[in-house]
Amino acid sequence: MNPLIALLIFPGGLFLLLLGLAYEWVDRKLVARLQNRIGPRWFQPFADVLKLLAKEEVVPDGANPFLFLGLPMVALAGALTAALYVPLAGLPPSYSFPGDLIVTVYLLSLMTLCIGLGGANTIDRFSLIGATRTLTQLFSYEAPFLLALLGPAIVVGSWQIGQIAAYADTRLLALTQPVGFVVALIGLMGKLEMPPFDAPEAETEIVAGALTEYSGRGYAMFRLGKGVELIVGLALVAAFYLGGVSDPLSFFGKTLLLLVVVAALQSLFARLRIEQTVGLWWRYGTLLALAQLLFTIVTEVMV
Amino acid sequence: MSTEPLLQKPELVLALSQLDRCRLCMAETLLEAAKALLQPWAAESTLPEPNRMDVPIPAADLLAAVKALHDARWGYLSAITGLDLGPEAGAMEALYHFCMGAAVVTLRVRLPRDEASVPSVCGLIPSASFFERELSEMFGVTVTDTPDPSRLFLPDDWPDGVYPLRKDFVMSPTGGGNGAQAE
Amino acid sequence: MKFATMLSDLWESLRRKPITQQYPFERTKTPEHLRGLLLYDPTNCTGCGLCVKDCPANAIENIVLDKKAKRFVVRYHVDRCTFCAQCVASCRQECMKLANDMWELAQLGKDDFEILYGAEADVQAVMASLANGGSNGTGEPK
Amino acid sequence: MPTTEPREKFIVPIGPQHPALKEPGHFEFTVDGEIVTGATARLGYVHRGIEKGTEDRSWVQNLYLLERICGICSHSHALAYALGVEKLAGVEAPPRAQAIRVLVAELERIHSHLLWLGVAAHEAGFDTLFMYSWRDRETVMDLLENLTGNRVNYSANVLGGVKFDVSVEQADAIRRGLDFLEERTQHYLTVVTTDSMFLRRTRGIATMSKQQAEALGVIGPTARASDVPRDVRVESPYAAYTTFPVEAVLATAGDLEARFLVRVKELFESYRVIREILDRMPAGDLTARMPRRVKEGETVSRIEAPRGELFYFIKSGGGDRPERVKARTPSMFNFASVLTLAVGHQLADIPMIMAGIDPCFSCNDRLVVVNRIGHEADVWTWEKLRQYGIEYYRR
């Protein structure tokens, strides 16, 4: 497969964007069905993005236009490059080098950073508040999420996603490191700002949070970026903890299973205020992740 | 029913504790209590309905009357109603309704139509400021030293001096006042 | 301090069909007391005009062609009517009734909202006079 | 602030347009240093001049004008007005009509409380509870449509009685609907009182002590949540509440959770009363003769709307049009008194008080422009105000 096609069509750009939207639809449909509603039609996310692309992009005054237009592109680019290092659709990662786990997690949080900066760039009160919340939440879930992903890395003894995924292919690490699995899953929900951690975009309090001022192409790119982030996050957690994603069937099966769990968790809880989320993460999230790491290191050293 | 002793005067300690089922005589006892409280002005109080008592009060004594009811914790100020008796009568009324249980005591303050003014009761009952603002913007009654004299309901560009709830306010056919206050 | 109290709901709604009713395709039987379009039959109407006076929205006009011969035509403005059924309560001869099956009353043009009730001949007469005379929309019977 | 020169007052504006605000209102807190010295609001964005409108409509037409003051307590307004006019005209509606009026009033209370439960849950971000409570609210709206003919503006009243009768099948339909609702309300009661995530958002927030509630004259469920037994159905029963008595539901904590508790428990009270009415529905006709001109006189009519005491003052000059109809709605009263609760509090407490008043006014995430002496006007985000409040207390 020549790299251009790999990059643009199959496991790379177009396929990923469409898969991201499809997963977003599955998520919205599941949450709706859990709330006894019907939920959106199958092509609703695609229709949303098409509509947004057709709409005019308004740059509000008081915002630096270069930054305002550039941030969505950087965000989408960050999410897409993060997808390069992750095993997608049953294929091994298209590119991997030692230490790419840290790079992937950083690229994903680059996207949240862009959303925060996008919000802070304007003078609209709602997006200012949304931006501060997005950034506070970013610093709160980043540490536990990364620690939870380090668990399997230590067991495998390498920081390369490809190798970890290959090692974890046959072993169900979720059984050996259950706490790490739970923290990683909850961390993923924090990263994707799903309820109960959706304070940054609490529609009853601050309209759409940091993205209030965005419209048209910019908003569409952020939505696509979120879809890709959902895929990458699910693929990472599935590859590490649910026994690898070496063939397409197990990739789609496991990620959809995780999506069902996440959707159920989403519709179960009320939204936490921002200082409660931060408190929850630093008290329980980090401690649990550290305990799990300690436990793994101790067993690693002994065995 | 807050049953701590309503009044300090011994002869008026009402046996509120044994709450009998007949509401009407309950209301009467409450009205008696209120009448005792408003002694100096209650001389010409009337009972339009079994559970209602109207007490005409001159504007100057309004604060004293409200203070009497408030200190004895007789019920709460439920509403202030503005009443325009019409340009011919040349008078307006501000009704202060106090409610406790089934009894309603209305303090009626008669005001001349042109420069009607009434003291503010917000000192005693802070939450009355909404009612006073409505009274002043709808009837043109100036409420002296009310904490917030600004408008409550009417839009900012509503012409001054036009009071919609007065009888001689001309409603323009398209709805909304055309500002013609046929004085 | 229980944790996921709504879990039973989620589990139960997974097994049940969503509650949303797809309106144009699924229709439920309208309740018996539903207040829909006004129906008027002039047989025992005396032309007293109580319905016109009591209607809060001035939606009824009772055009009296001939009081003795009891020839009346009611001009009913569907767009003004609020379906409160006060006319049904005010009319002592029970000529007014609100249908409980006619409630999809959207129209394309504004003039479709005007309905003339009455004997066939009277309606034609009023239509003719309306066409050229074009009486104003006020409620008092002519 | 050790500065000595006179402190001018600063206005802290909280704007009218806000996504969470169902009814647009604008709030301004005048702040002297740290202490809130004045709090006021600017309503009127949906003012339609209804009281002036009543003066040039006949007694019968006013019934339908006043019914449209508020969507979810339309029957309360019509009932208060009808009872007042009947008192003026010296007409007594027959017992069966009174019982049906109370039946529709209680059904409307269920409708309004379930709606508030959903909106409050939505405010706290608990969308699943919002979806489920509004799904169950459909049951009571179907019952109302089946009984009265309309889902919202029921127009059940006519001066002197009611328009329709309750047939046996309708009574059974109501009983079945209530059984389903009672089981669901039991479930919501457990959710509201035990769900840990939800309690983090409601327990201990905007607490109002009994003395504060009495001093401020708060009414309705908000007062009953602070153990102030104010319920017009109990104090001065009207219509059929004498034959079907109601007990006031009280809670003591006085915080947001207590307000949830009171409203959900009141649902059980409503179910009980409705079942009682259906079992012992008095016989008799539905309306009494009502003159078209009402004798001269004034009257006060008070009833218990879902949000508190609704106060009507009606004056008739003997003609077929009222001279003056004054309707004082419960929310205006509740809101005015809780705003005065804010005065004297720390600026730092404002988010909690505003969040607790009534979810549809909870604007706890607004930008606050605070300029204090010595600092130039700096733009505080609400979060900064909240953090400032937290540190302020830690010092």
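When the chains are written out, they are named A, B, C and D in that same order, and each has its own residue count from 1.
Rule of thumb we're sticking to: a contact is a pair of C-beta atoms (placed from the backbone, for glycine too) under 8 Å apart; a residue touches a chain by one contact, two chains touch by 3 or more.
The structure presented is a predicted model; accordingly, all values stated were derived computationally and were not measured.
K.L.:
Count the C-beta pairs in contact for A-D and for B-D, then report the pair with the higher count.
P.N.:
Contact tally favours B-D.
K.L.:
Distance-wise, how many Å sit between the C-alpha centres of subunit A and subunit D, to the nearest whole number?
P.N.:
42
K.L.:
Return the distance between the CA-based centres of subunit B and subunit D, expressed in whole Å.
P.N.:
Chain centres of subunit B and subunit D, defined by C-alpha means, are spaced 22 Å apart.
K.L.:
From the mean C-alpha coordinate of subunit A to that of subunit C, what's the distance rounded to whole Å?
P.N.:
The mean C-alpha positions of subunit A and subunit C differ by 55 Å.
K.L.:
Would you kindly tell me how far, in whole Å, the mean C-alpha position of subunit B lies from that of subunit A?
P.N.:
62
K.L.:
Can you list the residues of subunit C that touch 2 or more other chains?
P.N.:
In subunit C, 6, 9-10, 19 touch at least two other chains.
K.L.:
Would you give the residues of subunit D that are in contact with at least 2 other chains, written as numbers and ranges?
P.N.:
128-129, 132, 135, 195
K.L.:
Considering subunit A alone, which of its residues make contact with at least two other chains?
P.N.:
34-37, 267-269
K.L.:
Show me, using the given definition of touch, all chain pairs that touch one another.
P.N.:
Contacting pairs: A-C, A-D, B-D, C-D.
K.L.:
Where on subunit C is subunit A touching in the complex?
P.N.:
4, 6-7, 9-10, 13-14, 16, 18-20
K.L.:
Name, in rising order, each residue of subunit B that touches subunit D in their complex.
P.N.:
1-2, 23, 27, 48-49, 51-52, 73, 76-79, 81-84, 95, 97, 99, 101-102, 104, 106, 125-131, 138, 147-148, 150-155, 164-165, 169, 171, 175-176
K.L.:
Going by the contact rule set out above, which residues of subunit A touch subunit C in the complex?
P.N.:
32-39, 264, 267-269
K.L.:
Spell out the residues on subunit D that touch subunit B in their complex, using ranges where they run on.
P.N.:
Those residues of subunit D that touch subunit B are 38, 40-44, 47, 49, 51-52, 56, 87, 214, 216-217, 219, 228-229, 235-237, 242, 297-300, 302, 309, 311, 313, 315, 324, 326, 328, 332-333, 335-337, 339-340, 343.
K.L.:
Could you list, by residue number, the parts of subunit C that touch subunit D in their complex?
P.N.:
On the subunit C side, the touching residues are 1-3, 5-6, 8-10, 19, 31-35, 53-57, 82-86, 88-90, 98, 100.
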